[in-house]
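There are two complexes below, and they share subunit A, which is joined by subunit B in the first and by subunit C in the second.
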Partner chain A sequence: MSARQQPNVTGTRPPPWRDERVLRVAVQVAFLAGVGALLWLLGGNLVRNMRAQGMRTDFGFLDQPAGFALTGTDFSSRDSIGDALLVGLQNTIVVSIWGIILATVLGVLVGIARLSTNWLVRKCAAGYVEALRNVPLIVFLLFLYLAVLQRLPRINDAFDAGGFVFSNRGLYAPWVAVAENSGIFLAICAGALALAAIVGAWRTRRFDATGEPHHRVLWGGAAFLIVAGVAWAVLDRPVSITLPSLEGRNVSGGYELSVEHGALLLGLLLYMAAFIAEIVRGSILAVPKGQSEASHALGLGGFQRYRYVVLPQALRIAIPPTGNEFINLAKNSALGIAIAFPELLRVTRIAIGQGQPAPQLVGIMMLLYLAISLLLSVVVNLLNRRLTRRGA
Partner chain B sequence: MRHRKFLTSLLVVPALVLAACNGDDGNGGDEPALPEDDGGEEVDAAEGEEDEAPPAEGTLAEVQSRGVLNCGVNDAVPGFGFLTAEGEYEGFDVEFCRAVAAAVLGDADAVEYTALTAEARFTALQAREIDVLIRNTTWTASRDGGESGSFTTTTFYDGQGMMVRSDDDYGSLDDMQDTVVCTLSGTTTELNLESVFVARGLDYEPLTFEDNDTLREAFLAERCDGWTSDKSQLAAFRAEWPEDEGGPDALTILDETMSKEPLGPVTLDGDVEWFDAVRWAVIVTIQAWEFEIDSSNVEEFLDVDPEEDPEVARFLGVDEFDAGLGLDPDFAVNVIQQVGNYQEIYERTVGPETALGLDPGFNTLWTEGGLLYAPPYR
Partner chain C sequence: MSDIGVPTEEYQPPPEEEPPVRAVSPGEWVRQNLFNTWYNSVITIVLAPAIGYLIFRVLRFVFVTARWEIVEVNLTNFMVGTFPRDELWRPWTAMAVLGLVVGLGLGVTARANTEVARIRGVRIGASWHENVRRAAPALLLLVALVVFVRTATPLVLLAGVVLLAVLGYYAGRRIPPGRRRWMHLAVLLGLAVSYVVMTQFDGVSLARWGGLMLTMFLAVGGIALAFPLGVLLALGRRSSFPAVRLVSVVYIELIRGVPLIALLFMGWLILPFLLPADFPTPGRTWRALIILIAFTAAYVAEIVRGGLQSISTGQYEAAQALGLPAWKTMRLIILPQALRNVIPAMVGQFISLFKDTSLVLIIGLLDLLAVARRVTQQPDFLGQGLHAETLIFVSFIYWVGSYWMSRESQRMEKRLGLGER
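Let's look at the complex of A and B:
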């Protein structure tokens, strides 16, 4: 330290063009200036060329009526282009969130199955992972859409399996129908949940103080069910179940999942689950074997060993790479464009095809995808930090 | 030290890109790569000096120096623009690409085709990836305006129709309450469908696809009840309907015409010379039909006496009449010899004798009640 500062003290500091510290800063400043100049030049070039071709360079088009309709949404042709983009964004987010949740559940199960001591389970899981990981996602999506879901029964003779209707137009499931006073009911349910939490906390304190079995879940659940049940009866069924019913070519009631949406969701979740399974498998193997042996020595059974010793440690290893897969899944949802699902990329392309300016629309779309990815990585980082801190 | 070298090299790269951009300026983003266009690029490179010419140089000179026409077409509509199993483009629109190449370059085969989706077509034109777009494109105000396209003239007068399965018993559009209708996105069809159904107060669900192949699969699987598009295109798909699905008779095209769809070649705004060249390459095919000149008898007409038939002599450039279009005086002869007149093109690709069997409708000469009307060639 002092030896390096010596030259300064004695005044023999090298001239700036040979001083490494000055040069470092200078190079970085020059680099930034270069990048800035490049972007400025490209942007100027773009705007100049667009003007020369008589294309609009502002964002006013977002308020213009769209003129087209979008499948499976309330979006009408009188709504604006901006609204159309929002509908696309919403579809992307919905399919991504459901995909992430379901792919995680399936991935964890398959990952554990790959380490099973049962030969058949182990090989089946391995077959699933290898088959899916080695096919391009778009091929798999087209296969699901054209060769599987479109080969479901036609709508006229749709297959009705006790409330679940399958056809090549859509998949329908029982769903909740909400009455007008459902808002009050939902508020009461939220209150009941809080009550359940209080009851659970009380049982925990009691357990700590006296050692009697706490039965937190049982007590909390009972508290919730009693309050919610009474409210439901008093408010005269604010929330009920509707079953889809087929009349001619129309299905009323129930929840409708169009085959396009279904194919994309199924494709994304099955595909990404294969990658998550490999992460889970690797993470479990990365937990030192001694941990498992020690819990065995303590007399824990197979399930307990996983639940209390191995998985909590594996989870911490698995979270950062799994987060990457989440982001991948959200970005891959753009492949819905190939199977007529109106997600963000598709809506953007439709708008461009209808004469709206491409540079602005593509720019907006890229920013939105960037925002989704950054948001996901923030969530994963927070989760990661929380878990590692608790473990430390 | 190594660190510094790395950073300096980082600096060099953008500098090079900057230089490249500056060189490109005059042509207004001419280069944006045409991946499959190898032949054309080489010619460009060989005649680099031409490229440096002032921006005044238009597309016409550029195409002529390149020696090949970049034409944006469809590759999935039989009869109009279709890529055959042998890898050849054929169809009505493709014939007009060839006609433009014959007029501008004297060689109908000097065409580089680019297959475009409905959504990508105008972007490709704006990026100058293609010189002319001939891809069953409907002439509309906003395409003339906002899309900065210039519609040269109409090659095909079409109208939007609705195709349904014959056994569904839809007699007219009004029967199509609560149906699913398939269409291509990024088309005028998509917009007309919405306005017609909304105007008639019909509830329906539009299902829009990126490409005709996926749409066809969906219609085959009865994912949708109706398929709407230009009637000519519907006829093309109906003609090719697989026999095991009932053949063409399994489908019906409803009588109603939902819109006017004048289709024609499009060039980029701001290049009048090129616009005129493309427009007249089309017009001479119509004029030739009116003169009853076709590819088989054009040789005989070349002996015409300018005194006797000045119109034809002027048209064929026999008396060296030059209309000042920047084309050879005898460009019409090239077009007729190598491609044929409008009637020949029509009958070869979509006419009654072909699989499509399209009735000409408005697509016949004005003298016979059609809309084909060539301005005088003088």
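Let's look at the complex of A and C:
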């Protein structure tokens, strides 16, 4: 027997109706039961009301022919409802990815411009940000669509600006044309990229060992260009650039963007860039001034100061809020419904309008949006973790 | 006696000198701000004509080519939509009541701020031209309305409302600190009274509201009703009960992961299915409002959670040491501080809700934006492509509201030094 005896716990336990541990569990069970009962009630109502209206409550309708076509895509009315949703999802994802890339580029530029030493640049950037941020996105989208893009000249006298053709039927941009053997060429390019990485790693090792300048970007780039260039010549132009050219009422070559797609992409990227610019500006200002002054004292020039000292630190501050804006952009792409761009929400709406059961369709749509948001937030978190770890 | 004179007066430090202000000549200013480096010179030379041309085009559109008659003719539509024209006295009365209570609230707040500033020794008096700059967006909107309005009656009534608000402000400034808690009640009462004036006593049901009035109703009603729900969700997310935490987190993250417009669709199409069969289906406006509340509550919850996290554990411990039970600690110690800290973020949320109400266009409500779309289909204006005029007009209203509120919120944040504690 040890000298210190544990007090007899079981003997002094209060009765269950005053035992805090029991009460805690009881309260939580009651709470969950309440929430569950509410959900069960709502679900029961849903099924009952749907049956009463003669709607089907299963998901079999997804395989049936849609009975509607989607303009601007190669989806025809014989394809199934499920395929229609997939086309919508694909459009949402494509416009979101391009929007995120372009909005980030523009947002960073505008954010830096807001801190320019040039008064005119500073004021322009500030005007851009303040004008867009304080207006609803849907108003801006409608303005772009109705008052700008639909007012473009007709295709007969489209506006041709060195490789870009603008008309109210569509926007055309230079694009890459592929031949049959471009698959091989792409594979070789991937190999060349790997080679460039190896060359870069070799130069880095050599720099670490001997200290002679590494020039790894130069060496890697040269390796890639040599291999890719030889392959391009040998395969007889597997990939080339086509410019859209206007011939009467037809445009041949180039990449065609429907007016709706163009309006949504342009609207999303211009609008979200204003928000990203504010984040970039705030993050740059959040880097202590001493960092900039110290690099000045070390003799770094303006560009080097930004590239090696200020921006890497600002990036780390900016990533979490920028990630939120990416998610917002993906969610905002649902506004394509206002300008008839066939993204996920609009496809769902059309299907419901064709008499397909709304509860299932809306449920699927919500789950897909939720999946996109979660996926983006996972990506941003991974990026954030990687960057903060490397900086630590 | 000693030569060293003992100073008879207390030592006074010399008055602080203001840093010398060197007058910068215009030429010098241009050199420093536009041509300080070679690339800035290039940018300036390229950018200046482009900006000048852009401004010229915009000014020419606004003052010469734009056909503003579509806005002039439909100004009442923009303000109230299809609200019955015989009943317009109701919105005016409601506005008068709201003007009075809002003025009262602002007056009380202004006096409280003055007192806080005096205790902390901060100067808050704003100069004359600063006040003008603060009011500039609102004045701009007023000028636009005066230009577009066709009869004098609305202007007289508007002046009356403003006068009531000013009276309320000065009345609010005279309320002694002890009576201040009645102010919140007065503001709530004012909201209730204005709602009753609009809808009761043979009033106009929500289904016929429209225009800016509907936009404001959705925004104010949304934030006011989402606030208590959001606070509950935030407390739930920080609860010590894992089950409560789980339910709160799932709700918040589900709502935040889905676009608002998709939720509005759900409210429009699915909500009627979720109610019992014999239950009267709420009208479209109510369904939109319910969704806006459910949506905003999730965001308010995250804001309030941030506020709760900003309170140090010392506050909890001190309250515990004083013998306060948990709910009193929350109500009397933690929430007042946490909620004060999140005022700027809540204003931001209100601004974003104000902008987001424009989405109800998609589910067929006649809000400000929907009016702008609808009037271009009037027989007089059909097919004339007057989208630019109507959309610019409503953007201007949204812009003034959001810009003004965000400026005021920044000012408030700076003045009360909320970020510094």
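Here, the second predicted complex is superposed on the first by the 369 of 392 C-alpha atoms of A that agree within 3 Å, B and C clash if a C-alpha of one lies under 4 Å from a C-alpha of the other, contacts with A are read in each partner's own complex, and residues count from 1 in each chain.
Here, a residue touches a chain if its C-beta (ideal position, glycine included) is under 8 Å from a C-beta of that chain, and two chains touch if they have at least 3 such contacts.
What you see is a predicted model; the values in this text were computed from it and never measured.
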| item | value |
| --- | --- |
| First (subunit B), second (subunit C), both or neither touched by A:Thr12 | neither |
| Partner chain(s) touched by A:Thr71 [first = subunit B, second = subunit C, both, neither] | first |
| First, second, both or neither for A:Thr210, with subunit B first and subunit C second | neither |
| Partner chain in contact with A:Leu146 - subunit B first, subunit C second, else both or neither | both |
| Which superposed partner A:Asn118 touches (first subunit B, second subunit C, both, neither) | second |
| Which of subunit B and subunit C A:Ser373 touches, first, second, both or neither | second |
| Touched partner set for A:Ala358, first subunit B, second subunit C, both or neither | both |
| Touched partner set for A:Phe31, first subunit B, second subunit C, both or neither | both |
| Those residues of subunit A which subunit B touches in one complex and subunit C touches in the other | 24, 27-28, 31, 35, 42, 45, 49, 52, 146, 151, 337-338, 349, 352, 358 |
| Residue numbers on subunit C that touch subunit A, as the complex places them | 33-34, 36-37, 40, 43-44, 47-48, 51, 241-244, 247, 254, 256-262, 265-266, 269-270, 272-277, 351, 355-356, 358-359, 361-362, 369, 373, 385, 387-388, 391-392, 394-395, 398-399, 401-403, 406 |
| Residues of subunit B defined as touching subunit A within the complex | 3-4, 7-8, 10-11, 14-15, 17-18, 21, 25, 28-29, 118-120, 122-123, 126, 142-143, 145-148, 178-180, 185-187, 190-191, 194-195, 198, 205-210, 214, 217-218, 221-223, 225, 268-270 |
| Footprint of subunit B on subunit A - complex, ascending | 20, 23-24, 27-28, 30-31, 34-35, 37-38, 41-42, 45, 49, 52-56, 67-72, 77, 146, 150-151, 154-155, 168-169, 248-250, 259-260, 337-340, 342, 346, 349-350, 352-358 |
| Partner subunit C, residues of subunit A touching it in the complex | 24, 27-29, 31-32, 35, 42, 45-46, 48-50, 52, 116-121, 124, 130-131, 133-140, 142-143, 146-147, 151, 331-332, 334-335, 337-338, 345, 348-349, 352, 358-359, 362, 365-366, 369-370, 373-374 |
